[in-house]
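In the two complexes that follow, chain A is the common piece, with chain B as its partner first and chain C second.
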Partner chain A sequence: MGPVELLHMSVFSQSFSPCGRFLAAGNNYGEIALFSLSAALSPDATAQSQKPVLTFTAHEGPVFSLLSTDCHLLSAGNGEISAWSWTELIKKNVKPLWTKRPNYKSSLEIPEINSMVMNPRDNSLIVGGGDNNVHVLDLERGVFKLVLQGHSDYVHCVSVREREAEILSGGEDGAVRIWDSRTGQSVHCIEVYKYESCARPQYGKWISCLTTDSDWMLCGGGPSMSLWHLRSLSPTSVFPLTGCQRQAAFHQDMILAVGEGPFLSHCLLGGEVKAQIPCTPQSLNTLQLNTNSTEHRVLTAGGSSDHIDVFTNLSYRAFSLRF
Partner chain B sequence: MGAVTDDEVIRKRLLIDGDGAGDDRRINVLLKSFTKWCNSPGTPEEGFTQYQRMMGTLAQCEFSMGKTLMVYDMNLREMENYEKIYSNIEQNITSAHEKIAECKKEIQRAKRIRKNRQEYDALAKVIQQHPDRHETLKQLEALDKELQQLSHIKENVDAKLELRKKQFHVLLSTIQELQQTLENDEKSDNDDNNQESPAENGE
Partner chain C sequence: MSPSVFNFVDAKDKFTASAIHALAAKNGKQLVNAFNQIPGNETEKKTTLDQALRGVLGDQIVEQKASCDEYLSLIYLSIDAVTEGICSATTPFLLLGDVLDCLPLDQCDKIFSFVEENVSTWKSNSFYTAGKNYLLRMCNDLLRRLSKSQNTVFCGRIQLFLARLFPLSEKSGLNLQSQFNLDNITVFNKNEQESTLGQKHTEEKEEGMEVEEGEMGEDDAPAPCSIPIDYNLYRKFWTLQDYFRNPVQCYDKFSWMTFLKYSDETLAVFKSYKLDDMQASKRKLEELRATGGEHVYFAKFLTSEKLMDLQLSDSNFRRHILLQYLILFQYLKGQVKFKSSNSVLNDDQTTWIEETTKLVYQLLREIPPDGDKFATMVEHILNTEDNWNSWKNEGCPSFVKERTVDDKPKRPTRKRQAPEDFLGKGPDRKLFMGNDELTRLWNLNQDNMEACKSDSREFMPSLDEFFAEAIEQADPANMVEDEYKVVRNPNYGWRALRLLSRRSPHFFQPTNQKFKSLADYLDSMVSKLAKELPKDIPSEEIKTGEEDDDDNGDNLLKDSNDSPSIQSKMVTNQQMDDMAAKLGAQWKTLASHLEMKAAELREIETDSEDVDMQAKLLLVAWQDREGTQATVDNLVTALNAAGFSQIADSLSEA
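This part shows the complex of A and B:
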């Protein structure tokens, strides 16, 4: 990987292994790199332990989304979903278990897959992509069982509301749609850009980040990032963050958000921005918290750089992993 | 371990006074002078002085032994003291660990409470924007009353209208009947007249 390629690299997705000791990161060249957290976090770590233990080309196009289940790593790139076994990857065996493609209507253009999320209730994978639809894949039987149609432009992000068995999807058309996961009907459609408090017409109406906490939902993108109460479908707080947010997460009593701008924002639920922690990449695309392991509880953030910042304490950047 | 320390002790002692310098030498000298004194044929004064000298050396040896015993006691007590301090510190460490764990749990709880409070505040903000329920209920009641009054009035007007319609209907139908009767009468008069004249002409 020459220096020019490293300069132009963007990290689009990350996922922690089920044991919590490894981090998989996907970049815009279609590669997935595996980093060993136990080596990088150990007291005698060297510069070599911040390099990947394994790098392989997974797809022809950029890997926009990575997801870990109990024993598999699912990666989405170039319109297809591949599954890899974590145990095999740790042993450096890079053969995918299976590769599937949702039923796209047009066969000329292959739409990209932007986001995947697991629905643990019925063991299904929810996939949102460039063909304006949300596909639901049943992981037990391996067939696509539902197609949720309703968006008029491509789907950026999907999320699952576990308690009510609903799927949320946000897209380029500025609408956040709530679907019932059993029937596949659209239950609600929230057009965020129509609400004056959130709308930012100078950025557009697209929704690029969506996350939910069963009662509350965070969505942002073109409009300012806002916290919504789902039962009443009303925006409760709007966060005054400049730039468009690309990923957000609920963490204990705070909200962590990354997007345009070289920092990770900590916000309170009331709408104030508590802190903005500087990071290496100029703009961040992905944020992951390692909840699978108690010893390696880190937060990692990656973006338009070949560095992935690792935070052991949420207040400052500890070190960076490099591709 | 006992054997090792014994070896160490012996090695150290040999190194320090192998040839008998210090206490060992004093004891050997005492023994030698005692045997010499027992076997000496000298005068009683010499014997007495030698005896005094030997008592002195003996006292010195006893003194030195007493000192060593006290030092030994002191060491034992120091050891006990240190053991006590050691166990005390260990207990403190474990209790500090437990307190840390407790505090961590507390902080988790406090964070959850804070999150709940913030969610509550956010919802309250939204709810405050909506008007008060009592006011809305009062407005609804007032509107209801108005509605009732208006429908009452409407009923009255309707009833009046019906009555007027019926009366007019009766009036009009009586007029028509009268008209009909008058026409019929006229017609029958004309017919009578016509019948008479042809009858007159016919004759």
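This part shows the complex of A and C:
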């Protein structure tokens, strides 16, 4: 990979291994790189330990989404989902276990898959993509069992509410739809841009980040990032972050958000921005917290750069992994 | 009798005995008496007493039964003895030294309090020169015995005592050559195996006063490395301490580059990791303050890598590090006499230091609580430090100001004369002011005040002149109508008031009459004035409506005011006799002017045949009727009205 390619690299997705010692990152060239966290975090880490232990091409197009189950790594790129075995990958064996494609209506254009999320209740995979639909894949049987139709433009992000068995999806059309996972019907539709407190017409109406925490939902994108109470379906706090947020997460009593701008924002539930920690990439796409291992419990953030910032302490960047 | 020989042993025993008695009696007189009684040379006796006292103390210590107070009373005794002049000045210090050497540390504390309290005694002339070296040695011995981290307060007390005892320029207390404590090495583990955390479990709790983020704090220390540690930062951070320990290294190019790199990284971490005044930390601080509030002091940094996160989130720790930076920069930039000649900074280094200083101050200001105050305080202290530095460079001159000696006798300065002394005292008494106008003015009258007092400057008119017109108008004979009277003119009225206030006593006499307008008031005033006019102006029949009332009012006031005018006196008998004689048969004419009723007149006529007597009766009746109003003035008026002006004159002249 020459320096020009490195310059134009963007990291779109990340996922930690189930043991927590490895990080898989997908970039816009369709590659997935595996980094060893234990090597990078050890006291005698060198510059070499911050390079991937394994890099392989997974898809033809960019790897927009990565997801880890108990033993598999699922990656999604240009309209297809591939599954890899973690143990095999660690042994540097890059043969995918299977590759599937949801039923797209048109076969001329293959829509990309933007986001995937696991529903552990019924072991299904929820996939949102460029065909304006949300597809549900039953992992046990390996068939797509549901298609949730309702969005009028492509789906950016999906999330799941386990307790209520609901699926949430946010899309380019500015709507956040809540679906019942059993029946496949759209239960609610929230058009965030219609709420004055959140709307930012100068940016647009698209929703690019969506995450839930039982009764609460964070969504953002064109409109300002806002915290919603799902029972009342009303926004409780709006966060004054400049730029559009691409990924957000709940962490203890704080909210971490990344998006446009070279920083990771810490926000409080009340709506104030507590801190903005500077990062290497000029704009960030993905944020992951390693909950699988306590020794390697780090936060990683990647974006429009070949560097992935690693935070051992949430308040400052410790070092960067490089493709 | 030949002088007795001085027997040392004998004398010592006697001193010892009397010292013990003196201690028991808490009175030094016995000792003084013993001293005076024993024959011998002063010096011999003094040294013997010293020995005796030391012996007593030694015995006390050996017995180990004595308490600190007893030692202290012995030392007090020795101080008194020095004041009396029977003991040499070094003895109290020797005794103190002995006591402190032999006692355990907790008792030394009490003895030292005694030393501290009596610092003024030690500083007094009789004790200072003799004792200062002893005191210094004693304190240094104590300091050596004490541990800096365990007995910090005691060490501090000793240092403070030394600071108070010695003047500022005492060289033994100064770090003249600006040397550094090169032994203060910060140890940190460069390998994972050497982690020091396992032993220091308790200190971790004290250090971690604020557990922010909560992320790492819950993990147990004994488990092997259960939290991710940023070794990179850890190593770089603690390596910096070596530069703070020995700043001279910074002048070396290679070490400087390392220092620069590590500092930039560390300060970048500080910059991105902003501390806030979180509620949780506030509560914890209050809890800490509530529990005894003893400030925990660490003589050395705790450098375990597992504490790194906690330390980074601690505001006090940050302040320590940032302050170290500022002190280092001050040293590097400062002019110190004892620096070697190749210890200079080049331009790049200077620029970097300046930029970083600004960053450090900004970071200091951001650290809660009270970041701004702390930063200004630090800046102030470092500025003061510059002064001390230059003081040391000059060789520590003493701060005591010498009284300056006056060499030159003061020449008495010639006082300049006042102008009035020399102006106009010349031969021809003519003043030349250099200017014609001024000369003219000055020669008219030199003294401005005198000139102002001259009559020609009197511009205020007299009452007669001003009121002449009004008086004439008030005369009913002239029949001037009210509206044409000059008293109705407000301008005239105002000026009249002013003039009255300056010239006329009538203005100040209170009257019960209520004047409806200024014109009425002025009318009454004018009538009063008319009466007082000089007699050569004939003013007959000046009757205004209020004349009688005015008369009464005036008389009343005049009587009560006790004015010295002759007119207000009561008519005496003698006067009445005289008048009666002069009046004679014409008394009836006067009667009408005195407003006697016809009935009364008939009565008088029947009373007496003699006309003089009748006149007298008339006057008496008048007097009876008038009472206090029977004044000469009124009588004169009536006489004048009746045409008896000569009688009136003679009356008024009387």
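Simple rule for what comes next: the second predicted complex is superposed on the first by the 323 of 323 C-alpha atoms of A that agree within 3 Å, B and C clash if a C-alpha of one lies under 4 Å from a C-alpha of the other, contacts with A are read in each partner's own complex, and residues count from 1 in each chain.
Note that contacts are C-beta pairs under 8 Å (C-beta built on N, C-alpha and C of every residue); 3 or more make two chains touch, one makes a residue touch a chain.
These numbers were taken from a predicted model, which means no experiment stands behind them.
When both complexes are overlaid on chain A, the residue A:Leu125 reaches neither chain B nor chain C.
By the touch criterion stated above, A:Gln252 is placed in contact with chain B and with chain C alike. Touch criterion met: A:Leu269 reaches chain B, while chain C stays clear of it. Of the two partner chains placed around the shared chain by superposition, chain C is the only one that A:Ser315 touches, whereas chain B remains out of contact.
Of the two partner chains placed by superposition, only chain B is touched by A:Trp216; chain C is not. Once chain A of one complex is fitted onto chain A of the other, the partner contacts of A:Leu230 are absent, as it touches neither chain B nor chain C.
With both complexes superposed, C is the one of chain B and chain C in contact with more chain A residues. Judged by the document's definition of touching, chain A residues 252 lie at the interface with chain B and also at the interface with chain C. Chain contact summary for the complex, chain A toward chain C: residues 41-45, 252, 274-275, 277-278, 294-298, 312-319. On chain B, the positions that touch chain A within their shared complex are 108, 111-112, 114-115, 118-119, 121-123, 125-126.
The touching residues of chain A, when paired with chain B in their complex, are 215-216, 227, 229, 232, 234-237, 252-253, 268-271. By the touch criterion stated above, chain C contacts chain A in their complex at residues 191-192, 213-216, 219, 225-233, 268-269, 272-274, 276, 305, 309, 312-313.
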